[in-house]
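By letter and in written order, the chains are A, B, C, D, E, F, G, H, I, J, K and L; residue numbering begins at 1 in each of them.
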Amino acid sequence: MPGYVLLLNGPSLNRLGERDPAVYGTETLAEIVERVRRLLAPHDIDLVDKQSNHEGVLMDILQQYGPTARGIIINPGAFAHYSYALRDCLEDVGARRPVIEVHLSNVYRREPFRHHSVLAPVVTGQITGLGSRGYELAAQAVISLIQEGTA
Amino acid sequence: MPGYVLLLNGPSLNRLGERDPAVYGTETLAEIVERVRRLLAPHDIDLVDKQSNHEGVLMDILQQYGPTARGIIINPGAFAHYSYALRDCLEDVGARRPVIEVHLSNVYRREPFRHHSVLAPVVTGQITGLGSRGYELAAQAVISLIQEGTA
Amino acid sequence: MPGYVLLLNGPSLNRLGERDPAVYGTETLAEIVERVRRLLAPHDIDLVDKQSNHEGVLMDILQQYGPTARGIIINPGAFAHYSYALRDCLEDVGARRPVIEVHLSNVYRREPFRHHSVLAPVVTGQITGLGSRGYELAAQAVISLIQEGTA
Amino acid sequence: MPGYVLLLNGPSLNRLGERDPAVYGTETLAEIVERVRRLLAPHDIDLVDKQSNHEGVLMDILQQYGPTARGIIINPGAFAHYSYALRDCLEDVGARRPVIEVHLSNVYRREPFRHHSVLAPVVTGQITGLGSRGYELAAQAVISLIQEGTA
Amino acid sequence: MPGYVLLLNGPSLNRLGERDPAVYGTETLAEIVERVRRLLAPHDIDLVDKQSNHEGVLMDILQQYGPTARGIIINPGAFAHYSYALRDCLEDVGARRPVIEVHLSNVYRREPFRHHSVLAPVVTGQITGLGSRGYELAAQAVISLIQEGTA
Amino acid sequence: MPGYVLLLNGPSLNRLGERDPAVYGTETLAEIVERVRRLLAPHDIDLVDKQSNHEGVLMDILQQYGPTARGIIINPGAFAHYSYALRDCLEDVGARRPVIEVHLSNVYRREPFRHHSVLAPVVTGQITGLGSRGYELAAQAVISLIQEGTA
Amino acid sequence: MPGYVLLLNGPSLNRLGERDPAVYGTETLAEIVERVRRLLAPHDIDLVDKQSNHEGVLMDILQQYGPTARGIIINPGAFAHYSYALRDCLEDVGARRPVIEVHLSNVYRREPFRHHSVLAPVVTGQITGLGSRGYELAAQAVISLIQEGTA
Amino acid sequence: MPGYVLLLNGPSLNRLGERDPAVYGTETLAEIVERVRRLLAPHDIDLVDKQSNHEGVLMDILQQYGPTARGIIINPGAFAHYSYALRDCLEDVGARRPVIEVHLSNVYRREPFRHHSVLAPVVTGQITGLGSRGYELAAQAVISLIQEGTA
Amino acid sequence: MPGYVLLLNGPSLNRLGERDPAVYGTETLAEIVERVRRLLAPHDIDLVDKQSNHEGVLMDILQQYGPTARGIIINPGAFAHYSYALRDCLEDVGARRPVIEVHLSNVYRREPFRHHSVLAPVVTGQITGLGSRGYELAAQAVISLIQEGTA
Amino acid sequence: MPGYVLLLNGPSLNRLGERDPAVYGTETLAEIVERVRRLLAPHDIDLVDKQSNHEGVLMDILQQYGPTARGIIINPGAFAHYSYALRDCLEDVGARRPVIEVHLSNVYRREPFRHHSVLAPVVTGQITGLGSRGYELAAQAVISLIQEGTA
Amino acid sequence: MPGYVLLLNGPSLNRLGERDPAVYGTETLAEIVERVRRLLAPHDIDLVDKQSNHEGVLMDILQQYGPTARGIIINPGAFAHYSYALRDCLEDVGARRPVIEVHLSNVYRREPFRHHSVLAPVVTGQITGLGSRGYELAAQAVISLIQEGTA
Amino acid sequence: MPGYVLLLNGPSLNRLGERDPAVYGTETLAEIVERVRRLLAPHDIDLVDKQSNHEGVLMDILQQYGPTARGIIINPGAFAHYSYALRDCLEDVGARRPVIEVHLSNVYRREPFRHHSVLAPVVTGQITGLGSRGYELAAQAVISLIQEGTA
């Protein structure tokens, strides 16, 4: 099962560990990414991980790495709530591979604008509110979906 | 880590395997439950599993088994979209233990009434659109949350 | 054309004849059921008739009798306006057989919450505002749809 | 029980048989009208049947034939969704006689604008989603309502 | 002050005197028109009066008589609530002359759809709820506006 | 026909003649009141005229003068759009006598908040957009309604 | 004044004393019921008290005990916000006797879904936010309404 | 328990006994106030009672008498539906003492604008639909809350 | 490529050249039609051009000329915003041929009711805001779509 | 630059220093007014300062002092959210002079009803969330706008 | 007529030919651009063509090339639905030159979020649903608008 | 009081002086920045000023300069109306320092989309409609807030 999974993190996620720890936890993004990488390695799957505050950069990366990825894990940050451009891009390059949307916090307990993700209809599934372990569960789901040849 | 996890399934989920397989898959609920049970066993955690089409029965079970459970996994079926009574009950007995809401299908690709869960603000997290493996991911999350003593 | 039709009546319909006669008429449910039974008999079709105030019981009955029924006639009472669980159940067991939703009163002349049925998109057709004869018209429609092999 | 029933068909219904048969069936309007006429004949009731694409013509006909009709069966086509003028006219001339609104398709499965009929509050009842047999059921309902002297 | 005023009545207003007298009064349209005509005569102003149930006919008349009228009095009936075509037509031919919209009943006491007139923004003024004398007040207003050379 | 009519003007109407003349005209309130008084005099009806910027004062006046007035003419100014207290008061003391609501400008051409009057459902009728002559038409309507003994 | 009052408590109210005491207080339901019973006793009125998490059971009880009760006190819990079936049932059996809806907490300070009771239009009155003493005030109101022969 | 309770009545409540008795009853406000005064007297609590049609006067009174009152009973009349100024004032001076909002009629059976009280989130509790005895129940609640030292 | 294109113009478009030239331009409809005719001629395509203020006439024409047209160009005028009957008709007869909706002005700069066309979902494409040259561009699009055999 | 600035404070602002200090600060209104007065003095501008809980009094003051003021600073308190009468008055007398609306707290962090000011469209500018120094900034802005002869 | 037209394409349009061909066609963006270039050449007009997934880059380009362009053709992709920043930029630099917004697909047949373009009110016109030929029609419109010296 | 204030300007603000001067004034951004710099200098506070049309660049700058700034002044341009990503970033890095949002024009007099700022709930305060002097007032507010050690 060679190949790679693309792990994409959107705006403000480079601040994990510093940004409001009561909501987002104390781990850094680098620590989380490393845990996901170790989880994929036994399956001979590499991890391409990128973070950007730029909507356009996230799309450029999706266009570059998406079409040949085995799966995509994306935490779109606040772009989840309004970036129809990111949605179009994800729908385009995410077709025929598992795509998992991850949110660290339980967005349904927070401001109303966070209750709606414009990406949700074009991903395979969502994992929300489970903190950084949501990324690991997403990686397990991607592996499982690849193994079953579905999604 | 002795104790038990409560796995609660709401209306129509007893029909899994027969009900629209294109949406809900071909596994029966018994097969899924068995997989979750095997996943919890190594951690010395039992599984109490219940299914009912009755909102009132689901609440009676939550009141009976919830307060002493180590964690709760619930697929509320269509009650997710309107049962404020179930929400109140879950908020009451689910306090101080991990509660994971699972939906088999990607509800955001379906009818608008399925886009909103009235339970979401009172659970720890949600796993949506990942089919029956969503239950397994939920069980892993519960174990992990118990081990960390959070949630 | 042997077999049976399932006639299901929801909450408060056991009170027909006593409940506000100006709106719901003076016949009892037993009298109406008997008329429907007599209408089906010449076609060698039995009638299984059930009434319950319990949403869960209505679903249990639908799961028990629906999959082998020749057709279903349902007056969901007020569950029409919010029971997405009943809708899911009806969509599941009602597939591949005629399902007719009946309302005794013209719901469009009454409170706004009565103007919307969440069941309507999953039934074959609706008969509204024609009093108890709506059940008989529904039975005729079921017979006709069975004879034509459509629906 | 001499007299006549007015059967009124609105825009595009002259195209029945040609217009999208998957939705509207393969019968022509003439065939349907003939079946309704035969159904009324044994009760000594004539049928005045009219079709027009013109909202104003439909109102002129209602004003001409409505006040002396024994009952009215109307398929308003798309006028159902916005013609408050037709509603006013129907409320005026339809008072004191049964008025049945018929829709061939299950409008609740189609575009949202079709879910709402502005005529519904001023008719006696509605029959929806039962194809051309909806006209026959409507005729039976009219006969029955005339016989009972209600509506 | 020679010339004429155009008095235009929309759908169902030919039924005045017969249509629900509790709401619309017992006078016929002919009687009302005659009263308006007598009111204009001393000012040497003729009355062109037309009634139609046809939105298109009302527009044809407005295009024919509007551009040379001294003023326009219109009771659009239910077209008030949705006929943007009539609004466009009235805005076009009604420019540079007084246009008064009349409603017999107090529409704000009735169904919500009657609370909104799409014509209101393109007329000079509205007289509502004052019964048939609303036409006479409108005629007085037109005369007064002509005399002042405003509107 | 002895007695008096109450003419009540709300906030900012004391500024007529100075306030934006393009919208509200160049006449002062005193001039308008005088014209109305002269119009009522031949019918032996006095005019009690009051203006206040205070919602409470307007209600005190209505309670003092309303129950014995022959009719009420009210330009509520901006209170029309939100003063449910004024509405309750007008409904209470205005029962059994004609009440006419007057607006100088065509409120439907202006900001959306002006399109809705909370008083409209409790008055007899409305005259809108006809400038200061709206008061005179209202006075004529009151006289006519008194003469007919209706309203 | 012999007879009985029906005191009906909905979902989660059996958990009073354990459920979030900051919101719902520390008394048990049994203690509250006992206080109400003692309050009714001097008036020779018994108390039939029932609690259920089942919407259907609540309706069955209302149909059994409602029609012969002197009055009904109901805390519907979360069913207040969506159970149109309970509303229909209460409207049916509650006619011609006082019905008081009680809420322990001030629902208007909490989540928006709690601000709306679908039962409110069919009860005599509501007592909200006054904790367990709301039941006693309701009992006093029932006694007073029975004594006056109104409601 | 010396001190006083402030009883505040808003617009049109001075008209009790005269204003629509079918809705508001036949008692005068003076009679109701006297009953409340007698109910408080045994507890050595005086009653300061005020009525005004002026929103500003109600606020002046609240600022003068509120901060030293033992409790506040307020029937805001129609100000309940829009007076955010009264709400701010009540929230300010009502802190740390019981505040009960009373409505005579069941506002949920009447016009939609009456279904919403902007004061509700800043009062202790509400009593609605129980007529003039609502004031007495409110007084009992205030006494009870003072005795318990809560609210 | 013999055959004809149907060019249909709705209400008020016969007034082009006279109606508000700042918005609609100074050309007459005849001049525009002539330009379209000359544009189609080299392709051996005739032009059937019709204008009517009558919704029903537009539908009659569509039913007569639509099914055999090579393409349809329609400026529905204000019917665009509410005529679901015209939409149904256009969907019926426009299937399997290019249909272009033209609006002269940029409707998105004008009143909100003009921002929504109920016809838009059943046409091939829309050209908006480009004045009378929008018709010519539509004709070019129709030719091009015919040549490619798509649409 | 002789003349005066009108500083107008609405309901509850006389309670500054006592009212919820966490939100509104500990300064009294008199202290704030004094600071503003000292800030204007060097520019030879007097301060006319008024506070009232009465909407009508605020309008009377605006009509008396507004037309000759050099500028207006207004903290409307809760009237900001619904007083269209105050808005009309401010628009009338505030024309041709700078008008600054001040709010002490950041209204966008508080209840939704505080997010909308009906006065905002008729003032020159707004200063929000900066506490009592907002008044001083407003005074500086007024001076600056007077000096530039704009606004 | 020397000079250049700016052709700007937004996110995902670089994927034309690969992205869902059933919706967007099989041509590449380069092929389309080349066709537009050839169409402009005979008029001595160059083409500056740019594509970016970056909202900010699109604005930088508009600021650099817009003010000296003869016209602008823009397919904003999904930015059409939410980028008010792009709208402001286009309104700024697009003044005094033709600006045409192009959408390849009929957006009104797709998800609701695609039915609304925030750019539409600041462009000259829109061409929608006509595939890649929409660009050519836009170029023709620009040429024609330049020749006429309008827009 | 050493340190620096970050002054951040969003899209199109580099065009000040050229962009619609009637709305945005004739000063260039450089001139405004210089005035703010001179205002801060006496307090020994530097100014870091940045402008970008790129949402991502604005966030990168906020993450780089925000955490060590003494205060932040931001004119987000149109990003105010939809950039939840910018809001999250501002909430993260703006905590524990004054943040002032500035808008040049009175946004409440313009298009509805400009009436809502998604940043408003996470800033300290807002200054709107006061032109370029809004920046200076913001700088004064920041100095004052730093001196008081609040915000």
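In this section, a contact is a pair of C-beta atoms (placed from the backbone, for glycine too) under 8 Å apart; a residue touches a chain by one contact, two chains touch by 3 or more.
Worth saying up front: this structure is predicted, and the values here are computed from it rather than measured.
Peer 1: Going by the contact rule set out at the top, which chains touch both chain A and chain D?
Peer 2: Per touch definition, common to chain A and chain D: zero chains.
Peer 1: Moving only from a chain to one it touches, give the least number of moves from chain B to chain K.
Peer 2: When the steps are counted carefully, the minimum from chain B to chain K is 2.
Peer 1: Could you check which of B-C, D-I or I-K has the same interface as J-L, with more than half of the contact pairs identical by residue number?
Peer 2: Equivalent chain pair to J-L in B-C, D-I or I-K: I-K.
Peer 1: Between B-C and I-K, which chain pair shares more contacting C-beta pairs?
Peer 2: I-K
Peer 1: Whole-Å distance, chain C centre to chain H centre, using C-alpha means?
Peer 2: 49
Peer 1: How many angstrom between the C-alpha centroids of chain J and chain H?
Peer 2: Computed value for the inter-centroid distance: 32 Å.
Peer 1: I'd like the Å distance between the centres of chain D and chain J, where a centre is the mean of that chain's Cα atoms.
Peer 2: 63
Peer 1: At which residue positions does chain J touch at least two other chains?
Peer 2: 54-57, 82
Peer 1: By the touch definition up top, name every chain pair that qualifies.
Peer 2: Chain-chain contacts present: A-B, A-K, A-L, B-C, B-G, C-D, C-G, D-E, D-I, E-F, E-I, F-H, F-J, G-H, H-J, I-K, J-L, K-L.
Peer 1: What does chain E use to touch chain F in their complex?
Peer 2: Residues 100, 106, 108-109, 115-117, 120-121, 123-130, 133-134, 137, 140-141, 144-145.
Peer 1: Of all residues in chain K, which touch chain A in the complex?
Peer 2: So the residues of chain K in touch with chain A come to 10-12, 14-15, 18-20, 52-57, 77-79, 81-82, 113.
Peer 1: Considering the complex alone, what residue numbers of chain J touch chain F?
Peer 2: 54-57, 59-60, 63, 82-85, 87-89, 92, 95, 118
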